[in-house]
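These notes concern the structure reproduced below.
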Amino acid sequence: MEEKEVLVEVKDLKKYFKVGRKSILKAVDGLNFNIYKGETLGLVGESGCGKTTCGRTVLGMYPASGGEVIYRGINISKGSEKDKRDFTRKAQIIFQDPYASLDPRMTVGDIIGEGIDIHSIYQGQERTNRIFELLELVGLNKEHASRFPHEFSGGQRQRIGIARALAIEPEFIVCDEPISALDVSIQAQVVNLLIDLQRRLGLTYLFIAHDLSMVKHISDRVGVMYLGKMVELTTSAKLYEKPLHPYTQALLSAIPIPDPEIERQRKRIMLEGEVPSPINPHPGCRFAPRCKYAMPECSTTDPEFKEVEPEHFVACHLFNNK
Amino acid sequence: MVSLNKDKFKIIGYDEKELESISRPNIGYWQDAWRRLKKNKVAMISLIILIIVIIMCFIGPALSHYDFTAQDYDFLDKTPSFAHLFGTDNLGRDLFVRTWKGGRVSLYIGFVGTLVELIVGCLYGGIAGYFGGKVDMLMMRVIEVIASVPYLLVVILLLLVLPKGVNTLIIALCITGWVGIARLIRGQVMQIKSLDYVLAAKALGAKPMRIILKHELPNTIGLILVYMSMDIPAFIFDEAFLSFLGLGVQPPATSWGALIFTGQGVMTNHPHELIIPTVILAITMLAFNLLGDGLRDALDPKLRQ
Amino acid sequence: MGKLLEVKNLRVSYHTYAGEVQSVRGVDFSLNKGEALAIVGESGCGKTVTAKSLMKLIQTPPGEIKEGSAIYFDGKDVLKMKSDELMELRGSEISMIFQDPMTSLNPTMKVGNQIGESLMIHRGMSKNEAFAEAVKMLELVNIPNADKRANQYPHEFSGGMRQRAMIAIALACNPQILIADEPTTALDVTIQAQIMELIKDLQVKLGTAVILITHDLGIVASVADKVQVMYAGKIVEKGSRDDIFYSAEHPYTWALLKSVPRLDTKHKDLLYSIKGTPPDLVFPPVGCPFAARCEYAMPICKEEMPEVTTISEHHQVSCWLKHEYAPKIVKPEGIGGAV
């Protein structure tokens, strides 16, 4: 294994929200993982699992309720204002909703140029050139700079959002469900663009999505989240070949495959019930109520998130004594 | 059946450049809003009526050779005629001139009052909405206290204490009126604050001032315009009402409300002195309201087809 | 077996500020009793408009179902029905479930009553009878504690349960056709699997024909008997499920099949993607709508609409590549044999 440089370290990250007077929504409850330079780390899970909150907390958009985020050795969570500002230039985000992520009153050129303006990187003609360069980088035309967001399709708007994020030359980009709102063939366009940009510019991605097939395709490693906890983390190949956590197994089994023969022959693992609420969660493993392998200790103690095989982390009592 | 030429069956694929071009004309937000407004006949008629009224208020008095205070005892309470287009009042003053002079006062109160309210309300609501939390809570409690005081009481008390006049009237009306727009702006600011494009700006490192000026404000202007078009007639009416109570503009200066007040006194014998200013006031207010409705529809992004 | 539903030359337009948007431009298809038809396509292709037309749910204005369109349900033309006949049809013979369960249920009415509503309208049941039947429907859609749940309001249900409630409402009068418009797009994948299993199950139990509108080819593979692919208001290909997945003939279908990453595709390969975006339907292209984005486009494609070629009993495609003058091309890998 070549020596991999750690770009982002997430240590025991917690993000809680107060709901009403007594309830606490534990959106993210103790995450531990690293992101290596140049890789794409995928983060999957269903609604309420906390993956979006995780992405935004890592970026510092939400102040963490506990734990820390360390970027290139500098503790961002407890850092100075200057550290936080430097981090802003290195770490950017792409949003899910192409219709809400662009200010409808600004031209595309100004939207892309906002980062340049805030940090005063270029002025005048240089700024214009840079904006044109970014537009072409994402597959759009120079003429589009004077147009408004409503004139573009969803896929094109996502590309504008990508251009905006790239304008200040970040190293690390959090992709927060960037393709969920797009049509299938457009999803492929955007994903291809992201893969291409990663190769050209040496970017590192945290790719958050609920479509496991797409995440597996673009990610080097994948983390599976459930109700604020990470239940499994490994390379995307291993996740598919040998999912260890019962939730991961159920998730993989639920994904429909566009091939009638395979669909006919599949044996589905059907999960009973619904995803419970992350407000005031019960002690013990969060997945226990729906898990068919549940044991008594699952309802009382939180399983430890540990490396049970090389590069393969799981949080499950089934692997306690192996 | 079209005859098919074999040449037309060679594979040529697609043109990449053409793919990303946009066929519809470049149309900005305001142009699009204006276009939608133009289609709304009612709103356009209202706009034209308002423009006519405003022009008349400016040039009306100049059109007539009568001075608005000139009293002509030979022509008391005359009904409309060629000499006096709107007739005369009980002191022989030409009502045409007085109506438009009065209109200036009413419109002045309407526009200036609205503007003052707007500035105070926007600042207050903007700050409360943007910063949220304890700041917002405190500011909203203050508003609730102010809003719970019966505004008429405040206005009347102020007018009894301060020297009567147009500016006092404006102050009195604004003192409790700004609360409405403050709440509206606060709500809008809070809503925009949570939209992705504001988050994106924050992620890029934008400071609060930049977000408020470049993102929040332009997206609230539509709302502000609509509110203004509803607020101006409200001011005009309030002034008319207060003048009706005798608390408004004092003679010889006049306003539509004052005219209605005096007209009401001689209503049975000389109805034209009441009817004319009332009709003009009513038409103006209606026009503002209808224009406001039209503006709201034209500016609402959700109604775009 | 007589056809349950037959659609002929359906054309629907919307009149907007920018002009007339021709959403559906001549669509023909049919449906037999108990069959599952999937209408596949991306946003703007006209699939939802087609589905809504089946019950004449298009708001006119701004919509307009053009002269010459015909929709025969059990032999009668829906488009020529009077309003009382239409009301009889809707909910009782044909029902529809929508994408967003949050906004499709009335937040101020108990779920049991919402299910019972169509029973009261179409079967003349009393409120209590309808409510009892509603509880049975909730059991049918696998909602535990059905009697308690029937007394609850929509906000007390989760997303998946609401979708089940919608299905219960739609199936209360045992309609012959259930139209499901993107029923699982807004749901989590494990819930999606549950709902699709339920629909399949009910289709067998009740013998309902299903028209499934979706862009997710995975769901199509597990549920559909017949598939039709729509693009820019036209059907470009239709056939049985196996025809489409294993012997597709239209370049757009190939593109769709190839754009979807599967759990078994090679990692970080560039996905096959179609460049560009669908055409603006205010100015629909004269020839084949897909020509501007098709890598096999020929000059004829831009000038003339392709003829419909019948490949097998159920399989038809609308593409100039099938013409005798067209060069023979090799189908992309993984789709099936060569042309």
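The first chain written gets the first letter, and so on, giving A, B and C; residue counts start at 1 in each chain.
Keep this in mind: a contact is a pair of C-beta atoms (placed from the backbone, for glycine too) under 8 Å apart; a residue touches a chain by one contact, two chains touch by 3 or more.
Remember, it's a predicted structure, so these values are computed and weren't measured experimentally.
Chain contacts in this assembly form a complete graph, since each chain touches every other chain. Note on interfaces B-C and A-C: more C-beta pairs are in contact across A-C. Subunit B and subunit C have centres, each the mean of its CA atoms, that are 48 Å apart.
If you average the Cα atoms of subunit A and of subunit C, the two centres end up 32 Å apart. Counting partners per residue, subunit C has 275, 277 as the residues that reach two or more other chains.
Within subunit B, contacts with two or more other chains are made by residues 20, 24, 304.
The set of subunit A residues that touch two or more partner chains comprises 156. The part of subunit A that touches subunit C in the complex is made up of residues 46-47, 153-156, 183-189, 191-192, 195-196, 210-214, 216-218, 236-237, 240, 250-260, 262-263, 268, 270-271, 274-275.
Interface residues of subunit A, counted against subunit B in their complex, comprise 59, 61, 85, 88-89, 92-93, 95-97, 100-106, 111, 114-115, 118-119, 139-141, 143-144, 146-148, 150-152, 156, 161, 164, 168. Touching subunit B in their complex are the following residues of subunit C: 14, 16-18, 62, 275-277, 280, 282-283, 291-300, 303-304, 320, 323, 325-327, 329.
Within the complex, the subunit B residues that touch subunit A are 17, 20-22, 24, 26-29, 195-197, 199-206, 210, 214-215, 218-219, 301, 304. On the subunit C side of its complex with subunit A, the touching residues are 42-43, 158-161, 188-194, 196-197, 215-222, 241-242, 245-246, 255-257, 259-265, 267-275, 277.
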